[in-house]
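Chains: A, B, C, D, E and F, in written order; residue numbering restarts at 1 for each.
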Amino acid sequence: MPTTLPPVSELAPGHRGVGFFLCTRKEERPTRAGSPFLLLTLQDRSGRVPAKLFDQAEKARELFGEGDFVKVEGVVEVYEGRRELLVAKIRRVDPERDREQGFREEDCVPCAPRPVDEMWAELRARIADVGHPGLRALLTRIAEDHGDRLRVWPAAMLVHHAYRGGLLEHVLQVARVADALAGLYGADRDLVFAGAMLHDIGKLQELQYERAASYSFEGTLVGHIALGLMMVREAAAGLASLDERTRTQVEHLVASHHGALELGSPVAPASVEAMILAVADDLDARLHQVRRAIAEDEGDGEFTGYQKRLGRVLLKPAGV
Amino acid sequence: MPTTLPPVSELAPGHRGVGFFLCTRKEERPTRAGSPFLLLTLQDRSGRVPAKLFDQAEKARELFGEGDFVKVEGVVEVYEGRRELLVAKIRRVDPERDREQGFREEDCVPCAPRPVDEMWAELRARIADVGHPGLRALLTRIAEDHGDRLRVWPAAMLVHHAYRGGLLEHVLQVARVADALAGLYGADRDLVFAGAMLHDIGKLQELQYERAASYSFEGTLVGHIALGLMMVREAAAGLASLDERTRTQVEHLVASHHGALELGSPVAPASVEAMILAVADDLDARLHQVRRAIAEDEGDGEFTGYQKRLGRVLLKPAGV
Amino acid sequence: MPTTLPPVSELAPGHRGVGFFLCTRKEERPTRAGSPFLLLTLQDRSGRVPAKLFDQAEKARELFGEGDFVKVEGVVEVYEGRRELLVAKIRRVDPERDREQGFREEDCVPCAPRPVDEMWAELRARIADVGHPGLRALLTRIAEDHGDRLRVWPAAMLVHHAYRGGLLEHVLQVARVADALAGLYGADRDLVFAGAMLHDIGKLQELQYERAASYSFEGTLVGHIALGLMMVREAAAGLASLDERTRTQVEHLVASHHGALELGSPVAPASVEAMILAVADDLDARLHQVRRAIAEDEGDGEFTGYQKRLGRVLLKPAGV
Amino acid sequence: MPTTLPPVSELAPGHRGVGFFLCTRKEERPTRAGSPFLLLTLQDRSGRVPAKLFDQAEKARELFGEGDFVKVEGVVEVYEGRRELLVAKIRRVDPERDREQGFREEDCVPCAPRPVDEMWAELRARIADVGHPGLRALLTRIAEDHGDRLRVWPAAMLVHHAYRGGLLEHVLQVARVADALAGLYGADRDLVFAGAMLHDIGKLQELQYERAASYSFEGTLVGHIALGLMMVREAAAGLASLDERTRTQVEHLVASHHGALELGSPVAPASVEAMILAVADDLDARLHQVRRAIAEDEGDGEFTGYQKRLGRVLLKPAGV
Amino acid sequence: MPTTLPPVSELAPGHRGVGFFLCTRKEERPTRAGSPFLLLTLQDRSGRVPAKLFDQAEKARELFGEGDFVKVEGVVEVYEGRRELLVAKIRRVDPERDREQGFREEDCVPCAPRPVDEMWAELRARIADVGHPGLRALLTRIAEDHGDRLRVWPAAMLVHHAYRGGLLEHVLQVARVADALAGLYGADRDLVFAGAMLHDIGKLQELQYERAASYSFEGTLVGHIALGLMMVREAAAGLASLDERTRTQVEHLVASHHGALELGSPVAPASVEAMILAVADDLDARLHQVRRAIAEDEGDGEFTGYQKRLGRVLLKPAGV
Amino acid sequence: MPTTLPPVSELAPGHRGVGFFLCTRKEERPTRAGSPFLLLTLQDRSGRVPAKLFDQAEKARELFGEGDFVKVEGVVEVYEGRRELLVAKIRRVDPERDREQGFREEDCVPCAPRPVDEMWAELRARIADVGHPGLRALLTRIAEDHGDRLRVWPAAMLVHHAYRGGLLEHVLQVARVADALAGLYGADRDLVFAGAMLHDIGKLQELQYERAASYSFEGTLVGHIALGLMMVREAAAGLASLDERTRTQVEHLVASHHGALELGSPVAPASVEAMILAVADDLDARLHQVRRAIAEDEGDGEFTGYQKRLGRVLLKPAGV
C-alpha cells in the first residue's frame, strides 16, 4: 500500500505516494507528439500545487472534473524551478469509501492558519469593547446578519488572504494595525475599528465562494466598495442610537479605504481615521504577499525571485 | 432717476445705472494706501459679474452680506481684460418697497436657458416611453420622490451647468446623445435612458442648493456616485417588476459613468450601454464648458484665451 | 468524398471535412519529442482560425507558404479553450482545377459584413449632400483619386475593422455618429462629415494591403496622420472653391482626431467639430472591439474572458 | 505703556500691543499709489505671522533686516481670510536693554512642542534598548558624533516638522509607529529602530540651520538620502561588532525610505523592515501636515479649506 | 539734456536717462487708490524689461500703443527682486526727428547675439558640404524658397531662442551637436544635417513674426511638425535627384524630432539618425533655457531661484 | 574529424561541427511526450546562442553544469525565426587535453570588440590630460585602486555592454560624447570627464562578475549610484588638492546621472555639466541597444522586429 503524501505546504521533490485534494483546474493540452495531457491544480488545506498527467490522459479526463475532490497517486518533480506533481493515478473521491481512508472535505480547502472560532471570538470581543453605542449597535447587527459568510469568506480571489477565513484574518490584523496607529495619533479608536471591520464587507457580495472564490454578477458590475456602502446603509436603517454624522463617517471610511481614486475609491481619505485605515489595509495586503512570496520561494539565494506584482526581488530573513 | 442696467450677460464697458442682484461673495481687502475696499460677485438670472466698491467701503460693508439680494448703482469698466462693475451705491434689498421697482427674487438666480416646466415635461414624456416595466417603475418613483430637487438642482458648483435647472438640462442632453448612440450601436435604449436620467442623481444629496450651491457633509465624504447608488437601491426596494439583473445593470451604469477609476468611478464601464453613457456624459460636460468659454471670450482674435481646465485655446466659430 | 467545412465563423468542435483558405501564417516548431510541427493561421471571408499539422510536417512544409491559398482537410478541436483546426492534409490551391470544386479567391479574404458597393454608394451620397462647395469639391476629388483603395482597404492591421472594406465601414459609422452629435450640439455638419471621411485617409498609404495588411515603409516612418495631411493638402491644391480657412479646419480635424498628443495627434482638438470627431472615432473603434470580443467569446458565463487591451471583462447581452 | 502681545499661536483680530519676534522675511513693495510698504514675516516660539508696515516704510526699512530680532508694536487684522499684523512701530532688538523687558532669543524661534531634553533622553533610552551589539554601537556613535545637531535640527524647510527639534520629534514618532508595526508583523525591531533613527540623518547636512533652515550646497546637489548613507558608512567604519550584512541592511533602510524611485529613493524597499519604515515615515509626515492644517484652519465649517499639497479638504474632528 | 540709458541687458538699479524701445505690452490697471497706472514691457536689441508709469497714466495711454516704438525717460528700480523701469515720460517715436538722436528700428528688436549674415553664410556652407545630391538639392531649394524668413525668424514665442534670428541660431547649434554625435556613432551625417536644418522649418508658418512673434491660424490648428512635413513634401516635388526612400527618411526626422508621442511627435524616432536629432534638439533647447536662467539670475547665492519650467534650481558656475 | 564551428557571431543555419563554449544556462524541461530535454545558453567571445539537446538528455545532464566550459558538437537550425544550436554531443572541457585542440578560456567569454589594454591606455591618457589637479588626483587614485575591476567589468547584466570590458567601453564612449557636448556649450571639460569616468563606478560593487554577471547583496539593496558615491567619497579622503566644492560637484554628477528621480537618481541634474553627462549616458546606452538589435536582426525586411524595451521597430541602414 502506497505511502501517504505530506500536506501541500511540505511537498518536496522526490515525495511519492497518495493523497486527497480538491481539483480547482483541469485543462487538456495536446502534446506536440499528438497525444493529450492534463494540466491540473490540486489543493489541500495548506496550499496549492500544479500537477500534470501524461499517461492515458484521454481516459483519465472522464474520471473527474474541476471542483471535484480527487484521490491522487504521484511523485513530486521540479519543472522550471517549481514543484509539480507528476500524476500516475487519479479518480474522483467516493465519499463513503474514502472517508475510511482519511478523506475529509475540510482538509482539501485552503484556509487561514488560525481556527475560525478563535478569530470570530476575537472579533466579537472587539465589538463588545466599542464605546460608542451607535457604532456598537451597527457592528453587532452586521456581525449577526452576515456572520455566516464573514466567518469563512476569503479576502480575495488571488492576491492576498485568498482562502477560507482569509477575510476575517485580514479584518482582525487591519484592526490591530489601525488601532495601534490610532493610539499613536490620538484618532477615534471606535471609528477606526468600525472602519477596519467594515472596509471589505462588500466582499461578501462581490465574491461567490464555495470550495473556491469567483466574482459574482453584481461584484463584477458594482464592486465591493459600493456594495459595502449599501450593506452599511441597510444595516444602519432604524438604529436609533446611530446618528447620521457618525454613520456618514463610517461610510467615508468604507468609501475611501483604497486611499486614492485611481485605486478604486470614489473619494480620497479626508480624516485622520480614514488615512490610518487606508494605510493599515494597504500595508496588511502588501505584507501578506511579501511574506507568502518569501515562504514559497524555493531558491537558495539571499533574495526571492523577481516578484512581478511588486516589481522587485525581496530579501529573505537570515533565519529563513 | 438713474437708468436700469441690462442683464449681466449683456453688460458692456460704459454701461451705467441701477440693478438688482444676488451678492454671492463679499470680501474686504485693504488697499496699499491703507483704506479698505470691497471685492464682490453679483449675479442675476443671466450670469455673474465681479464688482468692486472703493468709496466708503467701511460704511458700506455693514449694509449687506453674502447671500443677500442687493440694489446696486454703478458703471461697467474693464480691468485686466475682464468686465467689472465699479459700485457707487449698494444696499440690501427691501422686498416690499423694491418689488414695486421691479425686483423679483427669481431674476437674481442664474438658471438654465430653457424653462424648467418644459424640461420637466420632456423628462416625464421620456420616462413614459420606457418599454421595460421595471425600469419605468423605477424611474417614475424617482421622479416622484425626488422631483422637487431634480427640477431645480444645478449639475455642479463650478464647472458646467452650474445654475438652477442645470442638472435637468444636462440629464436631458445626455439622454439625447446617449439615445442617438444607442440607436447606432444596437444598444438597449431603455437601459441607456435609465443611466442618463440617474447617473448624477446623487448630486441631489452631494450638493446643497438654495440660492447657490455648496457641498454637503455627506457629499464631501461619500460623493455623488455612491450616494446615487444608495438612492437607486432604496427606490428599487419593493418594485416587483424590477428584476435583480436589471437593477444591477442600472447600478453599473451609475457606478461606471465617470468612465475610469482615476476619474472616481469604482468600476470601469463593462457593457456597450455603460460605455455609451460615459462618453455621452463626458462629451456633454466638456462641450458645455467649450461653448461657455467661447461665448464669454471678449477678445477679438480667432481663438479664445488659454483655457486652463482644458489645456488649450479654442477656435471661435466664424459667425460668432 | 469528404464533407465541405462550414465558414470559419461557424466552425465548431467536431466539424470535420475539406475547405479552401488563405494561409496567413506558417511557422515550424520542433516538438519536444524532436519532430517538427506546423503552426498555421487560416482564414476565409468570415474570419480566422488557428491550425496545426503534426503528421509529416517536414514534408508538408514544402507544399505551400504564407500568402498561399490552400486546400485543407481536417477536424476542429478545442485547445486551451479555443477552437483550432487539426490538419490532416494540406496543399496549395491549383486555381484551375480547384475552381471547379468551388474555390474562389474572394471567399478566402475576411471582409466587412456589408457589400462594398452598397457602402461606396452611401459614401458618394453623403458627399453629394455636402453643402459647402469647396468641401464637396475636396471630398469628391479624394473619392475619385483614391477610390480604388478606399473601397477595399482595412482600417487597421489588428485592432479593429481589420478586414477588406473595414476602413470604409469605419468611416461611414464615424460619419453617422459624428453627424448625430453635430446635430445635437449645433456644430458644422459639413465640416464634421469631411473630418469623418478623411480622418484615416492616410491609412491608404500607411498600410500595404493585398490579401493581408502590413505597414508600409512610409507608414512606419511618418504615420497615417501626417500622411493624411499631405494627401489632403495635395488634393486641395488648385480647388478654387476651397478657401484656406476651411482647408486648415479640415487639416485640424485630421491632425487632432486621436484626441490627445500622447495618442499620436500633433495637436489637441480645438473646436467643437474636432472634439466630436475624436469622440466618434474613439467610440467606434472601441465598440467594434467590444462587440467582436463578445461575439467571439465561447465561454458560457455572463461575462467574456478578461480583455487585455481594454483591461476588463465585458458583460454579454442577455440574449446573446 | 502698551500691552504685551500674546504668542503668535494665540494672536487674534483686534489684539494690539508690543512683542519680540525674529524677522525671517523683509520685502519692500511699492504701492500703486507710488509709496513703498514692507511685507514681513515675524515668528516666535509658537509660530509665524505675516505683517505689513505702511507708514514711513522707507525710513523703517533701514532699521532692521531679515534675520534680526525685532521689537514690534501693532494690531492684528484679517486680510483675505488670514490674520496679519499691521505694524505701527518696529526696530532692531537691543539685546541688553530689551532683555530687561523680557526679550529672550529662544522665545523667537519656532520649536517642537515637547522639550528637547526630554526627547533626547527618550532617544538615548531607545538606543540603550537595542539588543544587537553592532547596531547599538552604530547608533550610539552617531548620537555622540552628531548629537549637537540632531537635538535641534528641523525635519524640513517647509512641509512638516519645520522647526527647532522637529527632526528629533519626527524620528521618535516614526520609531514608535514602526515599532508597533514591527511587533504586529514579526519584523526585526532593532533594525526597524535603526532605520527610524537614521532615515533622515542626512538632513543634518542637507539643511543649514541657525535661526531658520535653508538648503546647503551639498544638500542641494547630493540630497539627504545619499548624504545619510555616507554618514552611516563613515560611522560604521571600524566598528568590530557591526557585521557587513547588518550594515548593508541599515543602508538599505536609509536608501529606500521614500518608498519608490519617483519619490527620490535610489532603490525600492525590499524587506519587511524597509516597507514598514517607508510607511511609518510617510504616514507621520502626512498626518503632521493634516493635524497642522486642521489646527490652523480658521473657518467655522465642518471641513478645512482646500489643502493644495494634499489635494483635498479635511474633516475637522467634532470637538475642535 | 538727459543721459542715454544703457542697453536693456545692462540696466541696473539707479540708472536714469532716456532711451528708445519697442513697446510690446501695454495694460492699464486701476490702483486701489482709484487712479490708473500703465504696465509696460519695453525691449531693445539686447532684451526686455518691465516698466510702469504712475503719473498721468490716463493722459499717457493715448500717446502710444502696443507695437509702437517709443522714447522713454525714467529710472531703474527693483520691485520684488526684479529690475523695472519707472517711467517719467513716454511718447511714440517720430522716426524722422528721432533718427537724428540715434533711433534705429533694428536696435529695438531682440536678436541673436551673432550677426544674421554670418549665421546664414555658415548654413549655406554646410549645405554645400552635403554629399548626397538629392539632399543637397532639397536643402538648397528650401534655403532659396524660404530664406527670407529663415534668416530672421525666432525659434519660439517664449521658451528658447525667442528673438530675431533665433531659429537660425538654434538650427546651426543643433547641426553642430548632431554632427558630432553622428561622427561618434557612425550615423549618416548628410541625413543628420538635413534633419537639423529642417526639423523646425514648420515654425516659419506656425509663427507670425514682425516685431514680435505670435501663433498663426494654421500654426495653432495644425502645428509646426505637420506644417514642416508639408513644406518638405512640396520642396521635394520634382527633384529628380531625391529618391523616395531618402525623402521619407527626412520626413521621419522632422516627424519624430520631439522624441515621443506625448511631446507632439506623431511617430517615435526609429533610426540612429532620428534618435541623435531628437537628443540634439532637446538638449539645445534645454541648455539655452538653463544658460539664460543663470545669466538673468540676480541673486547672489550659489544657485538660481527655482526654475518652474525645469522644476529645479540651477548651480551657477563659479566664475559667473 | 568534424569541422570546427565558426564564432557565435557568425553561426548560420546549416553550420555543423565542433566548438568550445561557456555554458551559462542549463535547464531541464520535460517534453510532453514524457522525456526530458535540455535548454542551454552557450557563449563564446563573440556572443551567445541558445541550444537544445533532445537525445539522451538524462544522461547528458550529469556531464556538465552552468558555469562550465563545454565541448559541443551540433548543427545550427532556425526555430521561431531565431538561430539555435541543436546539440548532438556535449561534455565538460578537460583543460589539459582540450587546450591542444584549441580551447582557450578567454575565447569563451563575451567581451568588448576593442582590446582591454588599448581602452585602458586611452583612459589613462585622458586622466593625464585633466587640468584640475584635484580632479586628476581623484581619478588617478580610483584608476589605481579599482583598476583590476574597471578593466574587465561589464556595464550591465543584460541591457547594454553586458560583456567583459563593457563598462570601460561605455565609459570611454560617454567621455567622448560628453566632451564633444562640453566643447559646444562651454562646459567644464575636466568635470565632465570626471563624471563620465565615475558615473557608473558603483557597478564595480553592484555587480559580481567572474565568467558571468549577477547582482551582489549590497548591489541589490543599495544600488550602484549610492555605492559609487561612497567610493568617490572614500577615494577623495585626504586628497589635499581636491577642494570640497569640486568634490561635491563630482558627487552631483554621479548622483544625478540617470537624469530624473523616477529613473533612480536621488537628485535631478542641476548644472550644465550634469545635464550633458545624463544625456551622454542615456544616449550611449540606448544606441548600444539599437545597434545590437539591428545587428542581431535576422529578418530581411527594412525594419527589425518589434523591440519590446524600446517600444518600436527600428529602421535598418540601407547597407546592412
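The working rule: a residue touches a chain if its C-beta (ideal position, glycine included) is under 8 Å from a C-beta of that chain, and two chains touch if they have at least 3 such contacts.
Remember, predicted model here, so these are calculated numbers, not experimental data.
Participant: What chains, if any, are shared contacts of subunit A and subunit C?
Facilitator: Common contact partners of subunit A and subunit C, which must touch each of the two, are B, F.
Participant: Can you list every chain in contact with both subunit A and subunit D?
Facilitator: Chains touching both subunit A and subunit D: B, F.
Participant: Over half shared or under half: which fits the residue numbers at the contact of copies subunit D and subunit E, same or different?
Facilitator: Different: when the shared numbers are divided by all numbers used, the fraction is under half.
Participant: Which chain's centre, taken as the mean of its Cα atoms, is farthest from the centre of subunit A?
Facilitator: With centres defined by C-alpha atoms, farthest from subunit A sits E.
Participant: Could you put a whole-Å number on the gap between the CA centroids of subunit E and subunit F?
Facilitator: One centre to the other, that is 43 Å.
Participant: Subunit E: which residues touch two or more other chains?
Facilitator: Within subunit E, the residues that touch at least two other chains are 29, 31-33, 217, 220-221, 245, 249, 252, 270, 303, 313, 315.
Participant: Go ahead and list every pair of chains that touch.
Facilitator: Pairwise, the chains that meet the contact rule are A-B, A-C, A-D, A-F, B-C, B-D, B-E, C-E, C-F, D-E, D-F, E-F.
Participant: Using the touch rule from the top, collect the residues of subunit B that touch subunit C in their complex.
Facilitator: 173, 176-177, 180-181, 184-185, 188, 245, 249, 252, 268, 270-272, 275-276, 279, 283, 286-287, 290-291, 303, 311-315, 317-318
Participant: What residues of subunit D sit close enough to touch subunit B in their complex?
Facilitator: 29, 31-33, 35, 37, 54, 77, 79-81, 302-303, 313, 315
Participant: Applying the document's contact rule, which stretches of subunit F touch subunit A when the two form their complex?
Facilitator: 27, 29-34, 217, 220-221
Participant: Which part of subunit E faces subunit C closely enough to touch in the complex?
Facilitator: These residues of subunit E touch subunit C: 217-218, 220-223, 225-226, 229-230, 233, 245, 248-249, 251-252, 255, 261-267, 270.
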